[in-house]
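Going by the order they are written in, the chains are A, B, C, D, E, F, G and H; count residues from 1 in each one.
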Amino acid sequence: MDSDRIEALLEQVSSGEVAVKDAMARLRELPYAELPFARVDLHRELRTGFPEVVFGQGKTPVQIAAILERLMENHNRILATRVDPAAAAEVLALVPGLAYHLEARALTRGHETPAGPAAVAVLCAGTADIPVAAEAALTVEMRGLAVARIWDVGVAGLHRVLDARPAFEQARAIVVVAGMEGALASVVGGLVDRPIIAVPTSVGYGASFGGLAALLAMLNSCAAGVAVVNIDNGFGAGYLAGRIASQTPALQSGK
Amino acid sequence: MDSDRIEALLEQVSSGEVAVKDAMARLRELPYAELPFARVDLHRELRTGFPEVVFGQGKTPVQIAAILERLMENHNRILATRVDPAAAAEVLALVPGLAYHLEARALTRGHETPAGPAAVAVLCAGTADIPVAAEAALTVEMRGLAVARIWDVGVAGLHRVLDARPAFEQARAIVVVAGMEGALASVVGGLVDRPIIAVPTSVGYGASFGGLAALLAMLNSCAAGVAVVNIDNGFGAGYLAGRIASQTPALQSGK
Amino acid sequence: MDSDRIEALLEQVSSGEVAVKDAMARLRELPYAELPFARVDLHRELRTGFPEVVFGQGKTPVQIAAILERLMENHNRILATRVDPAAAAEVLALVPGLAYHLEARALTRGHETPAGPAAVAVLCAGTADIPVAAEAALTVEMRGLAVARIWDVGVAGLHRVLDARPAFEQARAIVVVAGMEGALASVVGGLVDRPIIAVPTSVGYGASFGGLAALLAMLNSCAAGVAVVNIDNGFGAGYLAGRIASQTPALQSGK
Amino acid sequence: MDSDRIEALLEQVSSGEVAVKDAMARLRELPYAELPFARVDLHRELRTGFPEVVFGQGKTPVQIAAILERLMENHNRILATRVDPAAAAEVLALVPGLAYHLEARALTRGHETPAGPAAVAVLCAGTADIPVAAEAALTVEMRGLAVARIWDVGVAGLHRVLDARPAFEQARAIVVVAGMEGALASVVGGLVDRPIIAVPTSVGYGASFGGLAALLAMLNSCAAGVAVVNIDNGFGAGYLAGRIASQTPALQSGK
Amino acid sequence: MDSDRIEALLEQVSSGEVAVKDAMARLRELPYAELPFARVDLHRELRTGFPEVVFGQGKTPVQIAAILERLMENHNRILATRVDPAAAAEVLALVPGLAYHLEARALTRGHETPAGPAAVAVLCAGTADIPVAAEAALTVEMRGLAVARIWDVGVAGLHRVLDARPAFEQARAIVVVAGMEGALASVVGGLVDRPIIAVPTSVGYGASFGGLAALLAMLNSCAAGVAVVNIDNGFGAGYLAGRIASQTPALQSGK
Amino acid sequence: MDSDRIEALLEQVSSGEVAVKDAMARLRELPYAELPFARVDLHRELRTGFPEVVFGQGKTPVQIAAILERLMENHNRILATRVDPAAAAEVLALVPGLAYHLEARALTRGHETPAGPAAVAVLCAGTADIPVAAEAALTVEMRGLAVARIWDVGVAGLHRVLDARPAFEQARAIVVVAGMEGALASVVGGLVDRPIIAVPTSVGYGASFGGLAALLAMLNSCAAGVAVVNIDNGFGAGYLAGRIASQTPALQSGK
Amino acid sequence: MDSDRIEALLEQVSSGEVAVKDAMARLRELPYAELPFARVDLHRELRTGFPEVVFGQGKTPVQIAAILERLMENHNRILATRVDPAAAAEVLALVPGLAYHLEARALTRGHETPAGPAAVAVLCAGTADIPVAAEAALTVEMRGLAVARIWDVGVAGLHRVLDARPAFEQARAIVVVAGMEGALASVVGGLVDRPIIAVPTSVGYGASFGGLAALLAMLNSCAAGVAVVNIDNGFGAGYLAGRIASQTPALQSGK
Amino acid sequence: MDSDRIEALLEQVSSGEVAVKDAMARLRELPYAELPFARVDLHRELRTGFPEVVFGQGKTPVQIAAILERLMENHNRILATRVDPAAAAEVLALVPGLAYHLEARALTRGHETPAGPAAVAVLCAGTADIPVAAEAALTVEMRGLAVARIWDVGVAGLHRVLDARPAFEQARAIVVVAGMEGALASVVGGLVDRPIIAVPTSVGYGASFGGLAALLAMLNSCAAGVAVVNIDNGFGAGYLAGRIASQTPALQSGK
């Protein structure tokens, strides 16, 4: 039914009966597909410029595969996050045409590594933060935007951050990923004037309370221009940074 | 001393000895003024496009006045937040040329209400959230960006939000201010695809725990593209939203 | 001894010495059976209109089976919640005449799916909330009341909730199940004027703190008419919604 | 404008052009009045059977008075909660025709104490819980339902609760208000099979943490059929209990 | 070395050089044995009337066995708590002369079930609380005091507690064990005037937060005469109740 | 009515129709007086050996006075806690025959300082803990038991505690009052084998979180035989310690 | 009595009967003075090299004065912290010979500002942290150690910290005082290898939760060599830093 | 490349072109090695006197081995913490020349047990705290400083601590490790005047909340001179204690 309605609409567009702008508007109102266990939003990409994303955690490989297959009927670009290697292997066997990104624990279709200067920089404080940072970076790339990955620049070795400054100060948005005391967000915020999305991670132990320490630190950052997403939410930070970067023209090197 | 150095530099610029770009770079390195109780950052505006902001809470009117006077020697645009009416009256008596914004509890110099379509939309859920929302809106305007103020559109009357949609869906960034359960951020995030900065407020009682409930809700928003600042931090949200909007070209009405 | 007293009482009823109403009153005072590890309340159904419910979590399959067998001597309708599939298989092998509901993780006897318009609507925000929602729905059905199951209508896709409105606005009570930021309860509460029982779930990660974020959000709902049960307590919500619905006459379609 | 539209509609109803049922439906869609600081929902009573309620806390007497006056143009029944005596005195001087309820800290218009058997019972554990309980009771009465007020029946003197049982076991809904350890909700829930709305209060000290102890206790009640509202939220409990009772026919004394 | 000093002392006692009372005093000062991984307090029983207790959790069976063997050189009565069945089996194989109590998860030597009227009553609210309650009861019995075990008397069935009253109101101290909302402590405290030691348990889920809800409720009990020990600390409650009971003469039945 | 029933009963006792023991039993069942704002329990003293206690906090002086007057019709011994000096002055003016204890912030009638060796020892760690400790001590004395007050023996000067040991090791029960880190309870628990009731106080700042640090420390005390009451609950500790001491015979000095 | 014993001892020292070292040892054992409300530790200075410190918060000016007078009989150096200006004025009127330090909110006797290179550096992040930092600095000076005060070097302006590095990298111990996100401790810890005592302050709002955010951040610092004291505990940090510095020889400038 | 630059520098030192002090300064600026997953700081030892430490938790044995091999090219002394026995076995097979310390769960190269009087004393309260205490002790020894290990001296047996006093009162710094209520830090702080670094451990259960109780207790210690590190952070405490001790000359026995 959906496809019938879309087909009819596209014919009207083709014949000039309906303007593109109006067709876009109507498509945004079309309903979603119903699987027995999930309503799949088929036109999300049209509305938001980004495909539906599948949150793999807590879903069986079979459920992930079924949702991905349904989405792949309508989309070229697909992203499934929080898929551990064992589950990924099963899904890859069930659904052809997907790629698995081990570091980011994600499955994609239609992902390419964009070339050119980085639109978004993703920094992380320690090696244990890399999975979250990699998820953020991959999410940005799904929009076709180039990413600078700057790993392991924690503030305990402050010179590392200072050394890396040229690599991130030209980005249109910056994602800062850090666990423990989360101070990297404030330090980066004190160095550049770009929109900064901070991601606390659950890296740490004891009084880190599963990321709470980093979360509170980032929310209380003394540097203006920092906003925060949920603990370990690399996808959310990458999604928002990508959204900001995609609406920003490339910066002149002189600025 | 500062001004001597700046003067010398500018003469070199004027004579062509130093290129503008290089002069800008040097200015960014210049030191800050030292008051007995505060280091005033005189070139922050050059570095970040935004003047030093004075956080008035916990400072005496005399301290606020002294800092403002020092800043006014170097800046045209000034913002002091969290100044209650009684303190403001004292400061206004000490320092001429300031304006007080009652709703936003802020003092400004050089503020003008920009005309034209809104670059940033600021929504708030209830009347008690208005002071925080007004602080956010004023902060955006200090960059010369127009703001759409959309007050009292809580989700308990869902039609109010839906009615207001045309007023915010074209903004380059959206600030959502809400206390209690903070659901407005998720609802707005489900309606439009713009960068959303959510501000939890301490409005509520009992199990709102001073804004914790709204904070946690916003961090856990099921809508992608939402990031969060500290409880009641209208300035921080307005600062970041303005930073995003100022690097984004005006949107075409058709988008 | 119990059965002697009940028998004697029933003979008095049979002979007209005791009126039914009075017999009911006396039965409500009768004691409970004692197993070595649990006091089984045999007349709960008479007192409350609902059979004793066995909370399976933390009990061995053998313990569950023993309690169920004792209850089945006196009751036709039985409900055991929080029984995982492996435990259920063992119990089913030990006790004949039970049915297992995989989605709701529950064992029943005497369950039938009631026909007709829904007395209670159960909504859930995401697919991961389904087990809790299914437990609530099954609990309602154990009273012989019809349920509308409305799954996966989270507020990130607000149109889904709006589309589903006709399916829940006529119910006599509504159960809203949601994890993450729990905003669905407020949104539903802003759409209809029915008693709403909200169930926060532990679905989420990071700053959801095991369901705390959703719990606080629901307690602070700006929509009046919402009350909350414990995190993941689908049974409790279904029990209360069923209690409300069973004392309410069917609503006219015009209201 | 609103009144024009309503007038036109009512004339159509009067002339038979529009059926009452249809007119009711249209009225539910009409917009709300805009004050400079609040959107007043004028047709809430039509939609929900209950007038807009003004939450007085954090508002100035002048603001409360302005909102009430605007509402009184359209409504006969008005409720303003959380109005302390000093503010109430000012409002009463500004707006004629209101009554102040000291115990419940509320202003009303159109309140009458309904006669007959109680539709809702409100219990509270200690004398310090009375303001919250009184707010709940008054809220129920605003629907025209009779209330049984049962004060100071804490479980430390268990015989008090047992003595009071005849006064609450016939109610169609029960509100239980308690601070400290909040055990009253469980005890009442163990005695009767009615819908119970529990209200934790901030009464207590030390490890009551502003009502948190009672809140958690009530959420974990071992008695099924108990749901909870926010700490000190007497209005919310009374609103929901009244909603339940108003859709339930009076119980026969024999049940 | 220890035994030499004790021997010499006892010879002085035997010869009349040292009075028994003085010998007791000196023994209380003697040092403790040193194992490579633990200082074993050999004269604790003399000082406190109770043998050293081994907390088994987190220790290997071999460590438990070594400590027990060292203690058994000096003591007849031994108690090891928190020993799960698998560890117990290993310890029993290594150290002869011990008994394992499955319900209480404890190993003992020298335990006998005392006869006569109960000096201490131990109540628990649900079947899941039994392990903690059993640990408390066994601890009391290690002092040679008789215990009344009253299991599964939660307040959701209030008549069960009332029925059990004769069994606990004569005890010299009462231990109340309950999870979830912990209301049993307040209810018992409202019925009798005995010293009550309340033990919150981690039984529950969701907002019970691992026993926090019950802990807070018990600390806020409106019944005077209730004190609380750590979550799941059956040993601590039994130790203190036994200490109180052992210094109290048996109560006359008339009191 | 109450007095009529009591009078009749006492005449029956006087004439021998009713035995004293039976009369006591009946009196325990008699109802409580109803003031407009509080149910006053008139026979509590008979049931528990302790008069009804008025918790003054949150009550007006007039309310306190009214309750006290009603109680004084039936009781000789009266205790009102948490009465600040200003309120006390008003109550003393309204109700003759009361004494005010400034340190303990309490009003009493019938209080005498008992002579002889201390039945209960009350220790406090710092001078700021004295109000709570004094409330505990006064509560014990209301039972006619002698108290040893041992003030300002915090563990930072460990020799102070050791010096004070002879003054508390013979008591039948010990109350330990401490704020900050609450270590005094463990230290005392390591020195003597008496029942110890620990009272955390809200003394401290920062990470004491209003007494939470001391509360948690005391609950986790490594010394067996320690139970805890609510933060600042001097009355509760004194009540329980007095209850224990009153059922314990005086200890021989040799024990 | 104390002075008699001290006098006798000193005469023995004077005559050579007792060696100085032995006299010191004996003095360390001497008791403390007893005021009605406080045990004053008269020989603390001998034991610890630091006079007894009076914590003024929660004490009346009269109490502070009495304690100070008693201490001044035995000591030349006195420190009273947390004395607000109004209380200080009263104390100064009662006790001659004291000095008040407004910034540090402290009273002293015998304080001199030591000359020479700084033994301890005290840094603070913002102007609002100055009272806590000043208390720490004054506490260090009471040992006769020179202090470098480095105010207002928050990480949002990272160059300020880097500029200040020469002023603190030669100190024998460093105190870092910061509120909000507390990142300064990690940044300083990443720059130098000195013992660092971090003091979180309650400066901040919203999710700083009274200093909790800074406290957790500092405890989780990724820089090794950082330890933390209680929120706002400038005295504690100054005391420990002074203790460390006083046992460390002055550093060579080359190290 | 690094080694080339270092070689060249050292030749310049050797030839006198560069002074040692200057060479040291330059070396401190040299960069770090980049592994694919970690930036290895090769000159940390020069800057801080302590080699880079590998935090093993959350890293695979292969990752640990790779980092250690890279470090061993430049360093003689190596420390890897939080390596469980299974991982250690794998690493030992991959990297020759390492030693595993079972109690401390650490791998080292270049560790020797220093002889002579202890520079640092490490105390722990219970046997379960030993792993954390052992990690602290080993960390101190990696600086070549002798350590006194004083295990199992909890305050429940206060005489144990008092007996051990001679073994720790001469140390230049003291590490106190304790779980449960953490009182040992205050008791030790009340006995000696040395810098004390307290380590809360996660030992405990129930209301210890994973070490939170001990953490808060230690932060609120009434003994001055105590600072705290993260829960279970034996390394951090040992690092700081070693840093303090290494800059302190050996104490004379008379002091």
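Note that in this section contacts are C-beta pairs under 8 Å (C-beta built on N, C-alpha and C of every residue); 3 or more make two chains touch, one makes a residue touch a chain.
Being a predicted model, the structure only gives us computed values, none of them experimental.
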Enter the minimum step count from subunit B to subunit F; a value of 1 means the two chains touch.
2
What rotation angle takes the CA atoms of subunit A onto those of subunit G? Round to the nearest 5 degrees.
180
Which chain pair is joined by more contacting C-beta pairs, A-C or E-F?
E-F
With residue numbering as the guide, point to the option in B-C, A-H or A-G that repeats C-E in over half of the contact pairs.
A-H
With chain centres defined as C-alpha means, what is the inter-centre distance between subunit D and subunit E in Å?
49
Roughly how far is subunit B from subunit H, going centre to centre by Cα mean, in whole Å?
45
Quick one: report the Å distance separating subunit C from subunit H, using the average Cα coordinate of each chain.
55
Among the residues of subunit C, which ones contact at least 2 other chains?
157, 206-208, 212, 215, 219-220, 224, 230-231
Every chain pair meeting the contact rule:
A-B, A-C, A-G, A-H, B-C, B-D, B-G, C-D, C-E, D-E, D-F, E-F, E-H, F-G, F-H, G-H
Where on subunit H does subunit F make contact in their complex?
125-126, 154-158, 180-183, 186-187, 189-191, 204, 206-209, 212-214, 216-224
Show which residues of subunit E lie in contact with subunit F when the two form their complex.
21, 47-50, 53, 172, 193-195, 197, 215, 219-220, 224-231, 235-237, 239-240, 243-244, 247-249, 251, 254
Subunit E - residues contacting subunit C, complex
127-128, 130, 151-153, 157, 159-160, 163, 203, 205-208
In the complex formed with subunit H, which residues of subunit E make contact?
29, 31-32, 37-39, 41, 44, 57-59, 63, 200, 202, 210-212, 215, 230-233
